[in-house]
Amino acid sequence: MSRQSILEFSTPGRGTRNITDAVAKAVSDAAMQTGVVHVFVQHTSCSLTITENADPDVRRDLDTLLGRLAPDGDPAYRHDLEGPDDMASHARSVLTDTSLTIPIGGGRMLLGTWQGIYLWEHRTSPQRRRVVVTVLGA
Amino acid sequence: MSRQSILEFSTPGRGTRNITDAVAKAVSDAAMQTGVVHVFVQHTSCSLTITENADPDVRRDLDTLLGRLAPDGDPAYRHDLEGPDDMASHARSVLTDTSLTIPIGGGRMLLGTWQGIYLWEHRTSPQRRRVVVTVLGA
Amino acid sequence: MSRQSILEFSTPGRGTRNITDAVAKAVSDAAMQTGVVHVFVQHTSCSLTITENADPDVRRDLDTLLGRLAPDGDPAYRHDLEGPDDMASHARSVLTDTSLTIPIGGGRMLLGTWQGIYLWEHRTSPQRRRVVVTVLGA
């Protein structure tokens, strides 16, 4: 059995947004006891990640590190039509996740205590982002 | 319900190959309306990624960046039996994706407009690569 | 159809542990012919990866590279309450995988010859880790 919904989020520019509750609601609405939920962004310049949900410094530090691995405006980039964050955003997307899959048991996501689900905007300007949530199970 | 097929691809050496159409055909053949398609490479020196499908410079720039993060012939490598691209290829594989999962709705993949599915060869020599495609849904 | 189990592993500190056999047993117990197995760690400072299963130097080299991309005790980190490996572990988790999905065909995982499934501890101290295994298929 499968049930699907599409979520839309506004992002104010680069940074993470906790979408755990929105995904949890889709899981609850699907009313399945055991299975998985699949979360997918329909974009190549933002991404998804599961990381520590308590200290916002973790997400700030992750952003700092990604900025080193895929620097804005790197002179090696050939793809820079939309500005210095254009190619960097595609690279940040590839190094993190376009989709996540989380187990469902007892009708809810089996996340660990410290795990949160984040939509990670890599562009520096505000965007509208579409996320497809598919629940599979029984 | 699930349906599985195995695709084979030749790669001419390092670089990306768009396999979106081949995966779309497997989805179409499976004739499921809602669910997910799972794509898996049976190798540890190539990988899969979803990225921008319009400008080939994006994939070239991604390759440039991966070459920095996992350089060929790095003096720190102990595993180098098959040449300078051997260990680099395993590392590139780990930093990207061995498998992808894409939602299916209305009988087709719900990719965003700019998303393409790429098989990413990391070895510098030609290879034959096997990709297992599994469609789950109803 | 779906079947779920929870595995627990002790880790002696930073490094990889081959959990392929434990996942294969969960797949065998689920007695499904075709589908996928989803493996998920309920933690944000360890991860999962599929990589070469023959030469232990590959995993050592991967650890060396991750140590460069997300150095212990980096002066840029603001999150360091649990020591120099705290933030580095979260970053290593984000750059690798919190979950893996592997196809099942003929009742067993369709891994390539050289693919092994590894639990990758990023903390330098011993930990107890929970892994949720969900088999989906028929």
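Just so it is clear, A, B and C label the chains in written order, and each chain counts residues from 1 on its own.
Heads up, the rule we're going with is that a residue touches a chain if its C-beta (ideal position, glycine included) is under 8 Å from a C-beta of that chain, and two chains touch if they have at least 3 such contacts.
As the structure is a prediction and not an experimental result, all values here were calculated from the model.
Chemist: Look at both sides of the chain A and chain B contact and report whether the same residue positions are involved, with over half shared, or different ones.
Modeler: Different, since most residue numbers here occur in only one copy.
Chemist: What's the rotation angle, in degrees and to the nearest 5, for a C-alpha fit of chain A onto chain C?
Modeler: 120
Chemist: Please tell me the distance, in whole Å, between the geometric centres of chain A and chain B computed from their C-alpha atoms.
Modeler: 20
Chemist: Could you say which residues in chain B touch two or more other chains, in rising order?
Modeler: 69, 95, 101, 136
Chemist: Spell out the part of chain B that touches chain C in their complex, as residue ranges.
Modeler: Within the complex, chain B touches chain C at residues 1-4, 38, 40-45, 69-70, 74, 76-79, 81, 87, 90-91, 93-95, 98-99, 101, 130, 132, 134, 136.
Chemist: In their complex, what parts of chain A are in touch with chain C?
Modeler: Going through chain A, the ones touching chain C are 34-36, 49-52, 55, 57-58, 60-62, 64-65, 69, 95-96, 100-105, 110-115, 136-138.
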